[in-house]
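Next come two complexes, and both contain subunit A; in the first it sits with subunit B, in the second with subunit C.
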Partner chain A sequence: MEFALDLSANKYADVPYEEKERLFNEMKSDERWPHVLYGCYECGICVASCPSARFYDFSPRIIAQAAAREDVDLLYTLMNDSVWDCSQCFSCDRCPRGNSPGQIITVMREVAVRNGLQSAKEALEGYGRIIYKIMSTGTQVSPDMLQPNAFPDWGGHVNEISEHLEVWRKALPPETLHTTETGWKVDEKTLIELYLIWHMTGVMDMIEQIDEGLYMILVDVMEERLEDAGYDVTFD
Partner chain B sequence: MTTQTVAIIGGGPAGIEAAKGVAELGFKAILIEKRDRLGGTPDEQKYAALTPDLRDTQTALRELIAPIENHPNVEIMYNTLITDAEGALGDFTLKGVQLGKEVEIKAGAVIIATGFQHFDPGRETQKYGYYEFDDVITLTDAEKMLSEGKFVRPSNGEVPKRVCFIQCVGSRDRRLGNEYCSKVCCGISSKQSIEIKKLIPDCKVFIFYIDMRMYGYWENEIYWKAQEEYKVNYIKGIATEIVRKGDKLLVKGEDTTFRRPMEVEMDVVILAVGMEPSEGTKEMARIFGLKQNKYGFIETIGGPLDTVSTNVPGVFAAGACTGPADLEDSVSAGGLAAVKAMAALRKLEAVTA
Partner chain C sequence: MIHLPILKATDRKWETDPSQAPTHDLKDEIFQLEKEGEWIVQRVPEPYFEVKTKYGRIKKIPLEKTWHHKSCGQCGHIPGYSTSIFWLNRQFGLDYHDPTNQTSCTAWNYYASATSNPEAQAAVAIRNFASAYKTGYFPLIHCGTSFGHYKEVRHALVHQPELRRKVKKIMDRLGLPFVIPEEIVHYSEWVYAMRDRIAERQVIDMSHIVATVHPACHYHKLIEEDAIYSEEIYGAQRTAIVTGTLQALGVQVKDYSTWFDCCGFGFRHILVSRDFSRSFAVQRKIEVMKEEANPDVVVTHDTGCVTTLDQSQFAAKAHGKKVGVPVMSDSQMAALAMGAHPYKVLQLHWHNTNNKPFLEKLGIDWKKKWDEFEAECEKIRKGEKAYLTWEDADA
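Entry: the complex of A and B
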């Protein structure tokens, strides 16, 4: 097998050790860390159960082992080059030591995003539209996203549906599904709560690190709605 | 009475426990020790703390020895070396030398508990440079330092920043002829790594291994503890050689987990040397005509169901003279040997009565 993942110790020799250590300390100080990382036997049960490992040079075992060893250089490499191959399905939550490689990866990804690592930007690049949709409307996929040219594999039938989208949607019995721009009708109060959650939990800060354009658009949408609802929230 | 006397050769944990068993069950025990004190290898090699419970070795040994020291049924012969033996079950005569004086000991049964010696890391190969580099030491050298409450680089007395263990030195090696696992070294290395981290919290400690063999409670009590609480780095891969780099040691190996060759600098390298039969064990096998296995350990004849009987009726063997053994094994076998020896003599008495 050809290895795509370069684990050599000097892969990111240009990044100062202190910077890698700072990022590692951010992972380690996450309150989940001691509950998702114990020690690693190298047994490979996580890799055996991992769907991504079937298709990519990706190994939750290597991630758990690097974390257990507190290998600062290698964790930096993995945070850049590997954690994005995980599908976050948590099939690996069967470790006899109680590790959760998937959740170790969750923490590592969050650190990568919070610190605006290039790899995080690249990994999330294709998701801008979905992030915008879910964060601004609270629903992920809306009927009007189903453009015929976007889904050629769906066949001619999709043309017919997209031409009369509103009619098709109105044919659905629940009134809350009579929407085209959102997956379902989202209550105003729900939206306000969502925006407050994105703001208060630091999600907006993460978005700012990753995609400033997207951040600015979201801020516009959110500030206006929050102000109308009587909340005095300022995004910095 | 000869048929109610058991001679025990070797005053280590197995021999002490055997003597205690014999005495407390009502026969006479003659405990023969070549040194001037009891305790065996843990005492002689100045072990710091015992594996797996990290108890202070001297405290634990005193506890083990105390019941036999003034026991009316126990006679301890210090400074005594057995040189010859004759007789059979019920009537053995052991000849020996005690401080230059010839002695003769009569016993109905004999328990051999002459133990092991540590593998000499310079015996076959110098790849790890044990006799070349001051900072390449063995588990026993490390124990000695730890028992004095310190851990430093022998070359300059400085506190080390990076220490590694190399496992299976002298064990599990067809080339050396020692194909067996020495059973205790994984536990002892892990135990020492904890002790080193306790003394020097910011020291990086690595254990290079083939398999970690931490059976039973050693698993969670030492292995997990070292890895999880003390962040000891367990790296699957055995070093191929050690070379000097400035005043450091460069350890070359493979980090198999991360599928890459590895060259790491260390301040101290500890070789996890395994067990071989002691000279005394080989000598007793010869004197009593006991079968030895290909490695020189005394062969017991009952497989897993009888770990102390030998090919010679009335002669039993206990502890590390029969193969790699930890303290639990040795003490258990010592007690069993006492029971088997007395049972053999009781049966003999019943037949002759």
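Entry: the complex of A and C
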């Protein structure tokens, strides 16, 4: 049987060990790490419940094992070639060792994004519009996303919805739901507070690493709104 | 493969004893931190229901004075889901608040792209909680992922003083109080707690309906001890949520072997790798349900689950897969049982899989109902009315 996931040491032999170690140390120093990794029995219970393991060449056991053994080379490979397959369902929280392989993966993904790894950029290709929506409007999903070209495999009903969108939104009894560009009506002040949170927590630095174009658009939108609200805030 | 008959697992009743719980009760620490001046704990307003969680602890579920923390996926793409929750509250004359000072929890994006961090995630959560606290209403979380994520955030805030310090600083700068709710409550827990009252007002017989239930991963797998369990349902071997509600409505809930599997949503996958979501939803969930239980309807209690299980069936049908089961939320089923309009309230036209045979089986004239809805839309189109009102919905 041929596997798509190449776990041999050769795959990233050109990346210096020190660089891999630096990234591993970033994972290990995350405050969550000791709460989500206690070792590994290598029992495979996590794999048995893992949806991604059924359809991809993917294994939460291998990720937990590599993390428990502090196998710096292997973790680097997994951080590039495996972690984005995870569904983040946390079925693997049933681990008898008390691990959360899903959360080990969350931490690894964050390190990948913060460091602008090419593999993370590729994994998030096409995803930028979603990040834009949530960060700039405060609701992640909006009715106007239901466009046939975005969801061709959902069939003709997406066409129908987009055709009737304006009227069907008005035909919703809750007053907060008459919107098309956001999931519900969000106050201006709420958005300002949200932008200030992005500003204070360094989230925009992560966006800059992963998608510079998106970063610039977001900065424009946020700085303008913040300025109108009387805040002198820049994201540089 | 050998399959044990699933029913056997429920033959024995497992008594839950909180003193034997493998985890400690976070509430002691939450109140202790309040005593130490770290934060304000927002109490569950009275009157409240008391339900049992996994290890037999008591969880308080507010009856009313609820602040509805809406779900972006529900409101955006399947808005009859949230509309039904509000409709139920209104039918019982309960006091609730539907806020505009609310953002998404942003966890969908976080689990999909990791373009955030624990500090930002916790600050978004506490900002929403502060908004609820200021209104005097108690948060009722509509989304399963928001619910699970907020439980994780609360857990992290209790155990990580440094994170607490950072979030406190952010709240101070926003001029907002640092508030944590006494309980993190999911709307389906409220529906479950209300199930007997809902059943008392049931007007549509559902005793001939077979349903399968998909329990949402982020409801019962994240901070697992905070999900509702009952000795009466699957011998307390799996969460009682949704199943308990449906049984109260007289629905025959049938079991299937892949109940623990997720729906295939995947956060990132449903948006940019939908082939995975589609395959998983169809092959591990819908086809298995069809083969083992042949349900009239699939009922679940989370945004992503309704979306994935419903939308994925379209393409699978073209491949001749065993699909074609409508999917809806427990709030929609409860509203339907109480006579809610399938289009003005349940808004079933936003769902994908054909639900007309299901409505017919319930004796509902969907054609007539659709014409009623269309007539209202026409008035909106012509400018005769701005919106469909709650009064129109019940007319």
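In this text, the second predicted complex is superposed on the first by the 220 of 236 C-alpha atoms of A that agree within 3 Å, B and C clash if a C-alpha of one lies under 4 Å from a C-alpha of the other, contacts with A are read in each partner's own complex, and residues count from 1 in each chain.
In the analysis below, a residue touches a chain if its C-beta (ideal position, glycine included) is under 8 Å from a C-beta of that chain, and two chains touch if they have at least 3 such contacts.
Please read all numbers here as calculations on a predicted model, not as lab measurements.
S.K.: May I ask you to decide whether A:9 touches subunit B, subunit C, both, or neither, giving the answer as first, second, both or neither?
M.R.: After superposition on chain A, A:9 lies in contact with subunit B alone.
S.K.: If we overlay the two complexes on their shared chain A, which of subunit B and subunit C does A:218 touch? Say first, second, both or neither.
M.R.: neither
S.K.: Tell me which touches more residues of subunit A here: subunit C or subunit B.
M.R.: With both complexes superposed on chain A, more residues of subunit A are touched by C.
S.K.: Applying the document's definition of touch, where does A:23 land relative to subunit B and subunit C: first, second, both, or neither?
M.R.: neither
S.K.: Tell me the contact category for A:78 with respect to subunit B and subunit C: first, second, both or neither.
M.R.: A:78: touches no partner chain.
S.K.: Examine A:124 and indicate which partner it touches, taking first as subunit B and second as subunit C; both and neither are also allowed.
M.R.: In the superposition, A:124 contacts subunit C only.
S.K.: Identify the partner contact of A:47: answer first if only subunit B is touched, second if only subunit C is, both if each is, neither if none is.
M.R.: Neither partner.
S.K.: Shared contact residues on subunit A, subunit B side and subunit C side combined as an intersection?
M.R.: none
S.K.: Of all residues in subunit A, which touch subunit C in the complex?
M.R.: 31-32, 35, 49, 51-52, 54-56, 84, 87-91, 93-94, 106, 109-110, 112-113, 120, 123-127, 130-131, 134-135, 138-143, 145-146, 151, 153-155, 157, 160-161, 164, 167-178, 182-187, 189-191, 193-194, 196-198, 200-203, 206-207, 210
S.K.: Quick one: which bits of subunit C touch subunit A in the complex? Just the residue numbers, please.
M.R.: That would be residues 70-77, 79, 82-83, 86-87, 98-104, 106, 108-120, 123-124, 127, 131, 148, 156, 159-160, 162-163, 169-170, 173-174, 176, 217-218, 221-222, 224, 260-262, 264-269, 271-272, 274, 276, 278-280, 284, 311, 314-315, 344-345, 347, 349-350, 352, 373, 376-377, 380-381, 386-390, 392-393 of subunit C.
S.K.: Within the complex, which stretch of subunit A touches subunit B?
M.R.: 3, 7-9, 38-39, 42, 61-62, 65-66, 68-71, 74, 97
S.K.: So in the complex, the part of subunit B that touches subunit A is made up of which residues?
M.R.: Result: residues 223-224, 227-228, 231, 233-236, 257-260 of subunit B touch subunit A.
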